[in-house]
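What follows is chain A paired twice: with chain B in the first complex and chain C in the second.
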Partner chain A sequence: MASDAPIPAAQPERAGAASLLAAPLALPMRLIDWPMQGLQRLIGERRMAYVFLLPNLGFFSLFVFLPLVINFIFSVTGGAGLFPSERPYVGAQQYAYLFDCGSFLDASSCREDHFWRGVANTARFTIFQVTAMVLFSLLTAVVLNMKIRARGFFRAVYFFPVLLSPVVVALTWKWILQRDGLLNAAITSLGGERILFLVDPSWAMFWVVFVSIWAHMGFYTLILLAGLQAIPADLYEAAEMDATPRWRVFWRITLPLLWPNMIVVIVLALIRGVQTFDEVFVLTGGGPGTATLMVVHYIYETAFANQVQNFGLAAAASVVLGVVLFALTLLQLAASRRKGAA
Partner chain B sequence: MNRLARMATARRSPGRWHWTDVAAYAYLALGVVLMFGPVLWLGLSSFKTQAGLLEFPPSLLPMSQKEVRVEGHAQPLPLFEVTLEDGSKRVLAQVRRIGIQAQMVDPANPGQSIRVPIDRRTAVREFKLATENYTEPLERFAFMRFLWNSVFVTAVATLITLVINSMAAYALSIYEFRGKTAVMLMVIGTLMIPITIILVPVYLVITKLGLVNSLWAVILPGAATPTGVFLLRQYMLTLPRDLIEAARMDKASEWQIYWRIVMPLAMPALAVLAIFSIMWRWNEFLWPLAVLTKTESYTLQIGLNAFQGELQTQWHYLLAMTVVTLLPVALVFVFLQRFITTGIANTGMK
Partner chain C sequence: MHSKHWISALALTAGLAMGGFVASDSAQAQTTVRIAWYSDGNEGEVLTDLLKRFEAQNKDIKVVLDQVPYKAITENLPVQLASGQGPDIARVVDLGGVARYALDLRPHLKDAAYWEKNFGPFLPWMRPEGDAKAITGFMTQLTVSGPFVNKTLFEQAGIALPGPKTSWEEWGKTVKEVAAKVQAPFPLAMDRSGHRFFSVAISEGAKVFDAKGEPAVIDDGFKRGAKLVYDWHNAGVMKKELWGSVSGTAYRGANDEFKNAQVVMYQSGSWQIAQFDKTVGDAFDWIAVPAPCGAGACSGMPGGAGLVAIKTTKSPEAVAKVMEYLASEPVLSEFYARSLFVPGHLGIAAKGLDYQGASPHAKAALKVFSDQVAQLSPVAYQLQGYTSNRVIFNAVISRLGQAISGEGSLDEAYKRIESDIAQQIAERKK
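And now, the complex of A and B:
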């Protein structure tokens, strides 16, 4: 990693490949220059900044900010219509449905029991997944930071699943975990009984967590590894001079100096964990029953997959999820500010 | 041999082996098995025949029963090794099976038929790649269509992302203008709003634009990325300002400066964003799943997910298609690994 430049410097062959990508744009870009020159004469050089910002901000407004507002409108209106003009105002009724519970600890006492099962599953998933993910990423980063041979290769080994699509990840593991799969073959050859991993609720949850760690661990390992390599080497050299035991070096030097990166990793993993959907959806479909149904899955189902599409309820659930994410993002900002100060 | 042993046991720093070194290598070895194993198994399995996939316990390599053409039989016959009553072993071809008896012939002497109890024969197997797993889905399903849709979405979306993100980054790095801080805050704000919480209203916007079930419905909503704007802006800030001033002196228009001077110089950062965008688009799942409901507009990921619902028993096609879906990303990874990892380490995004 030490040899990697912060941002890769220009290299002719890469620039060559990229300009190949730009080739189809050469002519349109030259044609745009005519009206752009006219515009520049009209509004002046400095205001051209707004012209350059326009497309990107247009996309942001249309597909992020406007939807954010519409989401609130959806969540306070009812009916089956998609367009706000067809939807009668119902006030906080959608939220009332969502929070209509006999007891918040028992999802089956709730009117929208799937939402609360989703909340409970997502909470359980996130706690297990983030804890295990942070521990394993830390372990892996520390090992990769040791004086080992073929470090580049091993780093690649842990990293490559990050690039795989969630569908590929889920199908790969589904094939291994199925009734007559590789894992059951190993178990029976050792004299054990076959286990229906994705049919048993607790096993299904375990594997959902496992597969998601398998797929994303490399990403967090990379961030922690970058943090580890930023720790000045002379600190370790001094510790070696004093013959400090390795575990003590870890507790007294490595962990405290890595802590800012750890916080970033924990919060990022939390934000991602709360939004878990893709792999779980393909691997278990939320099942068996509702054992691995997540909040985002509930939103998707309520809005798009159910027989009766209920956009209002889905929007209300989205707003609740959005509030949680917003809180987590504030946490991240606070953490990165501390990192900047440190 | 001696040198090999020395090489295997050598460490970068001279000194005695600490137990943590041993543990580290053990952990790395376990990691290789756990991370590579599943994908390797997927690859091996994708070359097995349908019958081969049903075997339990499964064989490691794709094996299938050897067959021979025998005179007088239209179809090739499966080969078995048979233990005869006198204890001798012969390789015979099976004509048909009747209850617990099998009627067999010697391929060298097809005239004479031999009856053998089925528990006295074992199949003769050979290593064979079932390439039909890959070729048949191309003809039988809309697989080529999915592949094309994915390629189209990935290419067009990446192009749009590169152009509009670089324009915004150019404005935010080269100019001083009123409202710059507000715009920066807006861009940061979009980082906090993932598609998971605006799924329904984005669907409404797409419906209003009349784009449901068109590939543009997948391309447009994610085209402007805050990550891309930041990445490019950060890089453009490092470009020498004199260059731009000199170009203005030479009466170059702002658009020309952007396209002819700044863009070529920003190529390294653009390449990083291009790789990211290709990965994002190729692997995107939740949004296409929500907005694409007609089979002919499915992308590969959505098609594959639909298949795994329909083709529960047809794992041989499913595994092969999974491998095809994985291949482009694997190639990108092999050639551009350093690029991707530095990009992630710098931005903390993926």
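And now, the complex of A and C:
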């Protein structure tokens, strides 16, 4: 039916402008057409898909695979040179330096203690942030899925921080949390003592986790909301007819059917948690001391902030981080397949 | 219809191509020189004015001034230079680190003796290691680390301002009393910077190098300086917001706190004068005071920013022409005077500068810092001239900062400082 519908006539001005813009492209497209037809005859229609994938694969190789290989080459070289040809081969020396520890549970016993402090902080941050983020996202999605007043407005409000740049988020919260910030102004006006939120190590980690959740929760809420809306309404209607308690409906219907989305949210949040850098760098600068120093921040400091830019050590740390991220990505792929199978 | 559009498209393309050809033809007559520049105050504006005059006199050279953040100079520029993609000239603070990419201007200079005579003591700071003769640039500003004091807070507290040659310990006690009386949150603030810390450490007797000139940073003088700063944090003389609040090599200053009259004494340096003159104005009386003393000396740290020619330039002659113009006495005098900088040109320093337009506060502060130049310890000059000095500064900032924030003891920090310096220098030598 739809194909039989008359095609609306194009506006003459629009058609004119479009053909003017398309004109420079028409000629090269016609020129490509002939060799492509020849190629298709030669390799067959099915193999043409690979031909079309080639440009993308080329870009991917250039901007993803090649940097990966270069990074690995850097990790087995030393010195302060920028080009691999200027850097002496040192084998696994950078890795040995990173892993030279009395005890992996005590960063101060490690030769490169900042790396291990970064690992410990990143692990702590990821555990707290992901757990809290998933719980709050779930709670928010469930509430936003209900028939509440101004639902559209609240959905927009929760999603809004996702649109902000991480630097803007961190600076805004820094102004709120600093010595003379908004929060301390409120506390002192109520007669309380000023708290140095970004100088006390425990508070600093708390706020780093809090700000990260505030900034990214909207994205995960959206995924869970989509999952909630995909649950067939007749299941809830049947439960209502059976007078099933609401908590039981949540445990027996909502959560199991939402589980594939939950897995995706957990894995994505885990990957992002491990990669955390920008917000924490602006908010606390990795401090106080090294209380919020993350692995990516360590890599940045080692590669760029020192006078001797130690690209070899930074590259070795990136390879270690890459292995962790690869494992998490495999987890996500497995979860996605299970979701697809379900 | 279609053929008309084809003709229009072709005409448009041909027009653009012709325009580009004409533009490139006229540009070919000019040599472009790019300068990477950062500013602390108004010096970027002053330089822009001076370069306009240069371009008017030299129609064959176009100077492009890329004004970038300080961080881009310390972190991005070295990578650019290593890849051979840097500017023709750069204003740098890590003079020793960038020296190996610097261009020896001598073959292109009309009067190399002028440079030797007027920039002599500072030229070694900008020379590649092992080169005793190259002329690669000049100091756009000579800086001296030293303290500023909010005199109004002393008056409000009814406490007399300590005189010259007062020890750091005495200053620490006095500013704490003042802060307590006037409810100022920061008795003493010190930039989280190696230069600022070593002003204290060298005054306390730190020697920094052994007899062979190799780094031997941890000695009794250094420990006295480090303990003083550490104890000040524990006693509330210094607050942890600067040294204890961030990690690694991050710089933190207290400019805003000083401008808001929250700091009694601010250990910073001469480059702040223009900024304070503009922003503090008459809000309170601020003065610079001579470097406090310790067991070893009463010394600040010299430093500053140099304008250095880069050896990958394709136009060394044009670069030398720009450098000669900017380093000439009348131009440089105007630059220092309008930017309120301590001159890094011996001739200008000897004649004295008339800082027209500066307030009495700024003029007095400039005099204090200019007088300090002659009082600086030889160790301070040696440290400033050491090509890997930022390795030392960064190790100290990072590890002392950790100790101050409560991560480990001072003794642990000393061990880490030594191993960090040894590791980085070994990496550079590979």
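Just so we're on the same page, the second predicted complex is superposed on the first by the 284 of 342 C-alpha atoms of A that agree within 3 Å, B and C clash if a C-alpha of one lies under 4 Å from a C-alpha of the other, contacts with A are read in each partner's own complex, and residues count from 1 in each chain.
In the analysis below, contacts are C-beta pairs under 8 Å (C-beta built on N, C-alpha and C of every residue); 3 or more make two chains touch, one makes a residue touch a chain.
Here the structure is a predicted model, which means the values were calculated and not measured.
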{"item": "Contacts of A:Leu82 with chain B and chain C, given as first, second, both or neither", "value": "both"}
{"item": "Partner chain in contact with A:Phe304 - chain B first, chain C second, else both or neither", "value": "both"}
{"item": "First (chain B), second (chain C), both or neither touched by A:Val199", "value": "second"}
{"item": "Which superposed partner A:Ala291 touches (first chain B, second chain C, both, neither)", "value": "second"}
{"item": "Partner chain in contact with A:Gln129 - chain B first, chain C second, else both or neither", "value": "neither"}
{"item": "Touching partner for A:Pro67 - first (chain B), second (chain C), both, neither", "value": "first"}
{"item": "Contact breadth on chain A, by residue count: chain C or chain B", "value": "B"}
{"item": "Contacts of A:Leu164 with chain B and chain C, given as first, second, both or neither", "value": "first"}
{"item": "Interface residues of chain A shared between complexes with chain B and chain C", "value": "19, 24, 82-83, 304"}
{"item": "Residue ranges of chain C in contact with chain A within the complex", "value": "1-2, 5-6, 8-9, 13, 74-76, 78-79, 82-83, 94, 97, 185, 239-241, 244-250, 252, 388, 390-391, 394, 398, 401-402, 404-408, 412, 416, 419, 424-425, 427-428, 430"}
{"item": "Partner chain B, residues of chain A touching it in the complex", "value": "1, 4-11, 14-15, 17-19, 21-22, 24-25, 29, 32-33, 36-37, 40, 45-50, 52-53, 55-57, 59-60, 62-71, 74, 82-84, 139-140, 143, 146-149, 154-168, 171-176, 180-182, 184-185, 188-189, 214, 219, 222-223, 225-226, 246, 264, 268, 275, 277-278, 281-282, 296, 299-300, 303-304, 311, 314-315, 318-319, 321-322, 325-326, 329"}
{"item": "Residue ranges of chain B touching chain A (in the complex, touch as defined)", "value": "10-13, 18, 20-21, 24-25, 27-28, 31-32, 34-36, 38-39, 41-42, 45, 54, 56-58, 159, 162-165, 167-168, 170-172, 174-177, 180, 183, 186-187, 190-194, 196-205, 207-208, 220-224, 229, 234-235, 248, 253-256, 258-259, 263-265, 267-272, 274, 279, 282-283, 285-286, 289-290, 301, 304-305, 308, 315, 318-319, 322, 325-326, 329-330, 332-333, 337-342, 344-346, 348, 350"}
{"item": "Footprint of chain C on chain A - complex, ascending", "value": "16, 19-20, 23-24, 78-83, 88, 90, 108, 111, 113-114, 179, 196, 198-199, 201, 284-293, 297, 301, 304-310, 312-313"}
